[in-house]
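Here the structure comes first, spelled out in structure tokens, and everything after it is commentary.
Chains: A, B, C and D, in written order; residue numbering restarts at 1 for each.
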Amino acid sequence: METSRLEAFADGVFAIAATLLIIDVTANAPGAELGAALLHAWPEYAAYAVSFVTIGIMWVNHHACMNQIGRANRTFLFANIALLACIAFVPFPTRLVAEHVRDDGARAAALAYGLTLTATAICFQAFWFYAAAGRRLIAEHADQRTVSGISRAFLPGVPVYAGATLVALWNPQAAVALFAAIAIFYVVESSLFGRG
Amino acid sequence: METSRLEAFADGVFAIAATLLIIDVTANAPGAELGAALLHAWPEYAAYAVSFVTIGIMWVNHHACMNQIGRANRTFLFANIALLACIAFVPFPTRLVAEHVRDDGARAAALAYGLTLTATAICFQAFWFYAAAGRRLIAEHADQRTVSGISRAFLPGVPVYAGATLVALWNPQAAVALFAAIAIFYVVESSLFGRG
Amino acid sequence: METSRLEAFADGVFAIAATLLIIDVTANAPGAELGAALLHAWPEYAAYAVSFVTIGIMWVNHHACMNQIGRANRTFLFANIALLACIAFVPFPTRLVAEHVRDDGARAAALAYGLTLTATAICFQAFWFYAAAGRRLIAEHADQRTVSGISRAFLPGVPVYAGATLVALWNPQAAVALFAAIAIFYVVESSLFGRG
Amino acid sequence: METSRLEAFADGVFAIAATLLIIDVTANAPGAELGAALLHAWPEYAAYAVSFVTIGIMWVNHHACMNQIGRANRTFLFANIALLACIAFVPFPTRLVAEHVRDDGARAAALAYGLTLTATAICFQAFWFYAAAGRRLIAEHADQRTVSGISRAFLPGVPVYAGATLVALWNPQAAVALFAAIAIFYVVESSLFGRG
């Protein structure tokens, strides 16, 4: 079974999940003058940007994985679907964080965001290690050093997101700042070190 | 007429229908504390997961069918459009079930969900058997045993979904559990037996 | 300039416009029992089906045109964008018709639907005849009889939709029935006569 | 790293951002007769058309850039994601302009629209000049005159949109007319001079 339609379906879900984020940017502030409402709504733009970039990072990683993978079986198709279900879920906790980061729902919202990203990281590891274990689905031509490099790069994902989620129990705003910092760190780091 | 644009259009509809499911996850509970509202909304997450996986299964099956199909004609294009119209309809009854599974709209919601999936299964059979009958649209290279295997695998679809829909008349919550069980069974079974 | 990305973009817009139709299926009937509300909402399902199939027909036609077209220039890209803007607009009058076909907004809703489809038919003709005139963008290998056949098939589009729109001035429900009949006629006719 | 999945992801975001614009066309005018409400809502249709065409122009330009680009690295992937995040943001200020162009929120709405398009133009320049500088990611076969022509064509983008945004401080309706005029000018000019 070849992987091109898997990539087409995945690209569709990544693109739609990222683009749907804009539906939840509303700047609703009943009674306020529009300019003031737009300035007050800055957490909505920040949440949009962080989630868009986070989904973008995951798309880049999916891309990097699929470059090494030469075939698919049914288990792998379902691992991919579970991963995509997590990614398509991201707009929901994004909306919660944007709406509640400044009120007493901040802890619940940050926990929901963190749990979603932690679950996504777990599914991403399952997706990759299922394919990479014993080169089960790895393409013939793939260089084992690249495959091992991706495996090493995946290891910090779950503990980093789980850690940031635990921070939300203690200080939700700090956890939200951490989610943003993780996204920025990843972009900067991979631009500095990952130059093609 | 070749099938690549048919697949691109279908992949788009599958990906969008699955990803749009998140729009209906809202955790609205006016007056409740956010954490409590998020816990109370668990049927929304369960409905999201079951429908996402169900659409994913259908995408895998569509993929499996199209691997055997070598060409398309206009009748087949419209059979495909009817199938996609059913799949793109799934977010509506999903929302109904998520909202009403715990109130007195449960029966109507479960019936709507079941009728949608039964109609989808009927369209899927029409889509496949139109192409497979007398190998009308089957690719030259396709192995007849694979084609017959897909035909056999399709047979239980309509009775299973129609049966679960009938259960909704008697016990809607049991029917909803059945819809979830069918999705889980399919994933587990095809992962155990369908290993590529 | 080759046409593959034009097709990818068009397929995306067709697939999204069709799939977004489900957002407007809501079965809102405040105070009613859910089962009764779902039955009462039948015009929403009918409008969904007619618009989904209508967009599907346009996708099939776009597909048929692009099979004959071998290259694109900037004018053609913008003709395509104008056509896609019309198609992506269809969910709006669909929602109007579904909501208002039984109240005193029926005339305005049917006119909006008819004007949208008439504008779409005009853009479709411009799109095709720009490419086909003097074989400006037609592929070398394309058979002139096929090209002329498509041109002939396009001619009734504008008068048919404009005529149905005029009917809406006199009887909006009859016009809505006509829009449904046109879609059904097209599917049946092209399945009977267009067999590949 | 090859560019085909980058294009698939980008095409998805462009297509979805453009198609999502229809969600915000609502013609809500409580208490008004539907026909009157539909006529009154003309700024919603105009805003839809201008933003759809503007996103379409950007898609054509992205297409023109990618035709010259032969490979991608991680920095370029993230430049592309930043650009797509701007484009997917366009539906939000479009909705603001459509709703507020005739009330006292017009200035804030026009500024939000202008700032979004200016940010998009900046990201587009970064995206292109990162790839084009020293032919870093330009394909071997690409003609340097075409590459330089694209570079020259990009130069007016930022000042034109920044200028129109400044006009919004003084006269928001004039700025909105300018945004429409820029889109129309671009389509006409590139159709007249850019004939393939």
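To be clear about the criterion, a contact is a pair of C-beta atoms (placed from the backbone, for glycine too) under 8 Å apart; a residue touches a chain by one contact, two chains touch by 3 or more.
Keep in mind it's a predicted model, so treat the numbers as computed, not measured.
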item: Fitting subunit B to subunit C on CA atoms, where both chains share a sequence, rotation angle to nearest 5 degrees; value: 90
item: Interface composition of copies subunit A and subunit B: same or different, split at half; value: different
item: Rounded Å distance, subunit C centre to subunit D centre (Cα mean); value: 25
item: Separation of mean Cα positions, subunit D and subunit B [Å, integer]; value: 36
item: Multi-chain contact sites of subunit D, meaning residues that touch two or more partners; value: 8, 12, 16, 20, 23
item: Complex contact set, residues of subunit D against subunit C; value: 7-8, 11-12, 14-16, 18-23, 25, 27, 33-35, 38, 48-49, 52-53, 56, 59-60, 63, 66-67, 187, 190-191, 194-196
item: Partner subunit A, residues of subunit D touching it in the complex; value: 1, 5, 8-9, 12-13, 16-17, 20, 23, 71-78, 81-82, 84-85, 88-89, 91-92, 96, 100, 104-105, 107-109, 111-112
